[in-house]
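Below are two complexes that have chain A in common, paired first with chain B and then with chain C.
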Partner chain A sequence: MRKFIDKIENFIFVIPALAFFITFSIYPLFKTFQMSFYQWDGITKNMIFVGFKNYIDAFKDPIWLKSIKNGFILSFLALIFMNSIAFLLAILVNSGIKGAKFYRVIFYIPPILSGIVVGYIWKWIYDPNFGILNGLLDILNLSHFKRPWLSDVNTALISVSIASMWQGVGGSFILFLAGLQGIPEDLFEASRVDGATFWQQFFYITIPLMSRTLMIVSILTILGAMQLLTIVIPLTNGGPGFETEVPALRIYKEAFSSYKFGYATALSVLLGIMLFIISLIQIKLRKVD
Partner chain B sequence: MKRDMHFMTKKIKFSRILIHLFLISYAITCLFPLLWMISTSLKSTSEVYTNKSLIPQSLNFENYIKAWTEGNFSIYFTNSVIYTISIVLGIVIVSTLAAYAFARLNFPFKNIIYYAFLMMMLIPIPGAFVPLYVLLVKLGIQNTRIGYILPMINSGLSVSIFILKEFFEQIPKELEESAVIDGCSKFQVYYRIMFPLALPAISTIVIFNALSAWNEYILAAVNFTDPNKMPVQQGLFIFQGQYFTRYELLMAATTITTLPIIIIYLSMQKYIVRSLTGAIKG
Partner chain C sequence: MRRLLGKILGIVLVLTIVLVLSVSYGKETVKITIWHYLNDRDKLLKTLATQYYLKTGVRVEFQLYSGDQMGAKIRAAAQARTLPDAWTGVGLKGDLSKLAQAGNILNLTPYIKDWVSRFPENIVAQVTFTKDDGFNVEPGTYGIPLDVNNMQFLYNKDLFKKAGLDPNKPPKTWNEFIEYGKKLKAAGILPFATGFGTWAGLTMIQPYEFAYLGEEKLNAARMGKITFKDAGYVKVLNLLVEMRDAGMFAPGTATMDLPTAEQMFANGQIAMIFDGSWAIGVFKMMNPNFKNYFVFFPPKDERASYQALIPGGIGAYFVVNKDSKYIKETIEFLKWLTDVPQQAKYAKESFNLPANKNTIDPRTLGPQIAEFVKGMDRVYSYLAPYKNPRTEEILVKGMQLIILGQKTPEEVVKEMDEANK
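For the complex of A and B:
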């Protein structure tokens, strides 16, 4: 009996966390699945059960498919360019040079800023008439390259990607740096004695020992790029047309601009399943080799 | 041989300079947009559209006063301070209690509950703001301060509980045992012994949750329609006109929004980098 009372007492410690968790995580999760089978405007009591209609509609919705494609393009660009830059920076900062701490502090400034602030700063940089980017091209006598970066269909998505990568490099950099610092120094010493070149060390020590870190950073990069949202709202809000629509922005707009709550939650479920599979595939792939 | 050595050190020196040149140019890439923001915020309205120099002709602090008063930033800023403090306080109390129990106490379904929290941390749920909005309306707390603070506390819980549980498990058990012998109740052990000992981990949680609470936008946009309750991130949108944006005012407002973050970051960067680099080992 004493033991039972003891356990109940212990349980009191987790009750607040559990109450939050059930109300604001479990219930919304359950609600998302439930709502995705209904047609509902989010306001009236009029909820109509439509089965899998929302899901079928999603596969025929060109704007949704476009936003998924954009998500993949943003992921791809971030994986290739953002992570290469971050990896290079991490290797250089970790090479025993002076001022490593200074660089580390500076490189992590963009990630701590809000997406809205970063979006607005870059919107101003890209401004077609008075922005510094076009101004710089004028100064460099490259005026023929000038364009309305965010409203030109050819450059809008790339411009959004550059702004978001500018913010994201620091995050990957810090994780790579932590991974590099975990490699024992004597491995490099020993290989140096054996006459290994820098590139041999890079391919036979750094890369294999960094595989876990590379996996984690890649997953985080894809998950981040596929869920990009706040930075896009001030930059383009999905425009011009639907050129820079991203999945999370579609969900937001379907719910709060079109008042299609059922459809929006169906998109949430689809995106959620996709992200879950992406992280599973990557973990599986890495376990094999 | 000697000549060879000389050549080698010269080569190393040269490559060091190249490394620094590269790193400095990237550091400038990181800082330039921020300097450009500050520079714009100090320019006069006409100068913004004519002077492409990073250094303003004169320092127009009026932009800040205008953003603060006419742009209502005094209200948004106060709101953000209130939200950030409440959210962080809530997270610290709720997560330390739970983490202590997960680390040290026994109760039914302990592991299942803990793994449920972990799953929430690891599995992304995109678009959670849609059902949250529905829930807030149902609870009658949409467009209220509490309707924003409560879900925001929840969003920081799982990671915080995870970090704290790991920390609590490393604290030697002898300390609690002797406290129990001295007649301390479980709750006294928690707040007299475990809480103070966990301060390093708690400070990490405070910093990260403060940054994410200050920077949060989507849930605020979903929740608030009353401008008097909006946080800074939402307030920034009032400077964007339909056809025309007053960039000197907008940049003054983004500077006001960013300044507290930069100050916290620079004064706490030791903690921040240490806990970030700790995150990937383990």
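For the complex of A and C:
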């Protein structure tokens, strides 16, 4: 009886969290999946069941496919450049340089800013007429490199990527730093006694012991880049043309500009499945390693 | 177990007391919440709300949101049934009809029948559904107009003078417009910008849609009855090519939003802009010293067969939530807000054209506003919705790429026709 009462007591304590989880995660997930089979404008009560039509349309939609491609480009750039910079910064801060705590705080400021704010900051930096970037190029006598960074089809996506990496680098940095601090110092001391160089320590101690952190950071980077939205809206709103269209922006526009709520939910489901598969593959690859 | 039950009962008791207190506190005053996107008039609306509170004891809270995102916010709130008591409508009959069909907005006809005559009939018609208009909405008026507006070109007289142009003679023909652009460019002045990144670029080409296609063909193409190619839409987009080739677009115009273009114009950084009559108040807010500018009607293109008509008509208007607890009080407030003294204050302080026709003559408010008043006679009355709403997005994006020289008008028209099937 006592055991039963204990179980009930424990269950009572779990109920609020469970209720929250079901209400705000499970139910919306189920509802999203259900709505993806309907044609619905998002407002009226008139919902028409269309089966898999929304999914079939998605695979034929050039703008959606372009947004996926852009998402992958942003993910790739972030994986290579943002994470390399974050890793380098984490190693520097972990090496015991002066003011390490200060840098730790400074690098973590961009991630806590709202995406919209970051978007406007970079919009001002990139402004073709009065922006700081073109101004700097003038000062450096490099005026021939000046351009409307966000309006030029050749530079728009890269410019968006740089802004998003600037915001994201601090998040990866903190995770890398935590990973580095978890490596026992005596491993480095022992290797030093054996005459290992810095690079040998890096490749044979740091990298292998950081593999779990690297995997987590990679997954979070891809998830973040593929779901980029708030920075893109103030910077380019997907333009020029569809050059900086990203999946989340496409979903948002289909739902709230084109009144195609059913289609937008189908796109959400597809994006969710895609990200789930990517994450699974990464975890699988790490296990193979 | 007893202690646990005691604790749970205690928490329930405290929550009940808090709930009862908050409900009884809420009964003390009526509080109406209104969402709006009138950035430059936020302070004025709040002042008027305070004035109303002192007069009646009814609190009105105006909440400001971004104009570009207001539509999405309303649609999201409509789904969640969390709309405020009233809000400034976004879009016209197409958007309104969906909210009306879903039972989100109130048919105001029985509430405003005694005082709706204070607004011009053609303005009220823009928010009124009739039996056979095809929108499938209960006939009636669903909006209360606050102001009227139209969109035209504006130019900076000082910059015109600097480029050797007569500051009192804005371009009258399209050829002149292009020539003026070239001269401004040659003088090192950025000739033109508007919000091609969002919706404002569309409105710039609308007068020429009417001029080249005529009302009938234009609406037939929008509704998918004929193709844009057959309607001759390429000629409309060619105007952007001519502007681009003349070097008229300021760098970044392709993805620029309207507030950025307005800020540049108010700072004297561009010579011309396509904007609405509300911009007079916006410029005043952005740069109070900027006064030497004027307005001109879209220059006539000799190659076009029809008359150019400009966007405009009803400006800001309010709709009322059908589920509001304070329907009567909200409508009473809107009646007061659109009455002569408040409309006069609104016009004088915001430089917007009041919707109440009995208010002061807005022409007395300044030469620019007087010029916009003249334009009210040439506002188009009807523009059909696109068969597929995505066509509009294809056009906006296509215009951006034409400005950048990445696409031809023919390519964009082809994509529009594919989208509008």
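General remarks:
Basically, the second predicted complex is superposed on the first by the 269 of 289 C-alpha atoms of A that agree within 3 Å, B and C clash if a C-alpha of one lies under 4 Å from a C-alpha of the other, contacts with A are read in each partner's own complex, and residues count from 1 in each chain.
Note that a residue touches a chain if its C-beta (ideal position, glycine included) is under 8 Å from a C-beta of that chain, and two chains touch if they have at least 3 such contacts.
These numbers were taken from a predicted model, which means no experiment stands behind them.
Taken together through their common chain A, the two structures put chain B and chain C in a clash. By the document's definition of touching, both partners, chain B and chain C, reach A:D127. Contacts of A:T236 after superposition on the shared chain: chain C is touched, whereas chain B is not.
When the two complexes are overlaid on their common chain A, residue A:I5 makes contact with chain C while staying clear of chain B.
Number of chain A residues touched is higher for B, counting chain B against chain C. Contact with both chain B and chain C is seen for A:G42 once the two complexes are overlaid on the shared chain.
Shared-chain residue A:I56: touches no atom of chain B or chain C.
In the superposition on chain A, contact of A:Y252 is made with both chain B and chain C.
In the superposition on chain A, A:I277 makes contact with neither chain B nor chain C. Touch criterion not met for A:I207: it reaches neither chain B nor chain C.
Judged by the touch definition given at the top, the superposed model places A:Y108 against chain B, while chain C stays out of reach. Of all the stretches 22-30, 256-264 or 346-354 given for chain C, the clashing one with respect to chain B is 256-264.
Residue overlap on chain A between the chain B contacts of one complex and the chain C contacts of the other covers 9, 42, 127, 129-130, 252, 255-256. Against chain A, in their complex, chain C makes its touches with residues 1, 4, 8, 71-72, 75-76, 78-79, 98-99, 101-102, 104, 190, 197-198, 250-257, 264, 269, 389-390, 393, 397-398, 400-401, 403-404, 406-407.
Residue ranges of chain A in contact with chain C, taken from their complex: 5, 9, 12, 41-46, 127-130, 147-148, 150-153, 156, 236-242, 252-253, 255-259. Residues of chain A touching chain B in their complex: 6-11, 13-14, 16-18, 20-21, 23-25, 27-29, 31-32, 35, 42, 85, 89, 92-93, 95, 97, 99, 103-110, 112-118, 120-122, 124-125, 127, 129-130, 132, 135-136, 139, 166, 170, 174-175, 177-179, 181-182, 213, 216, 223, 226-227, 229-230, 233-234, 247-248, 251-252, 255-256, 261, 264-265, 267-268, 271-272, 275-276.
Those residues of chain B whose C-beta lies close enough to touch chain A in the complex are 16, 19-20, 22-23, 26-27, 29-31, 33-34, 36-37, 40, 48-49, 52, 93-95, 97-98, 100-102, 105-108, 113, 116-117, 120, 123-135, 150-151, 153-155, 157-158, 161, 186, 190, 211, 214-218, 222, 233, 236-237, 240, 247, 250-251, 254, 257-258, 261-262, 265-266, 269, 272-273, 276-281.
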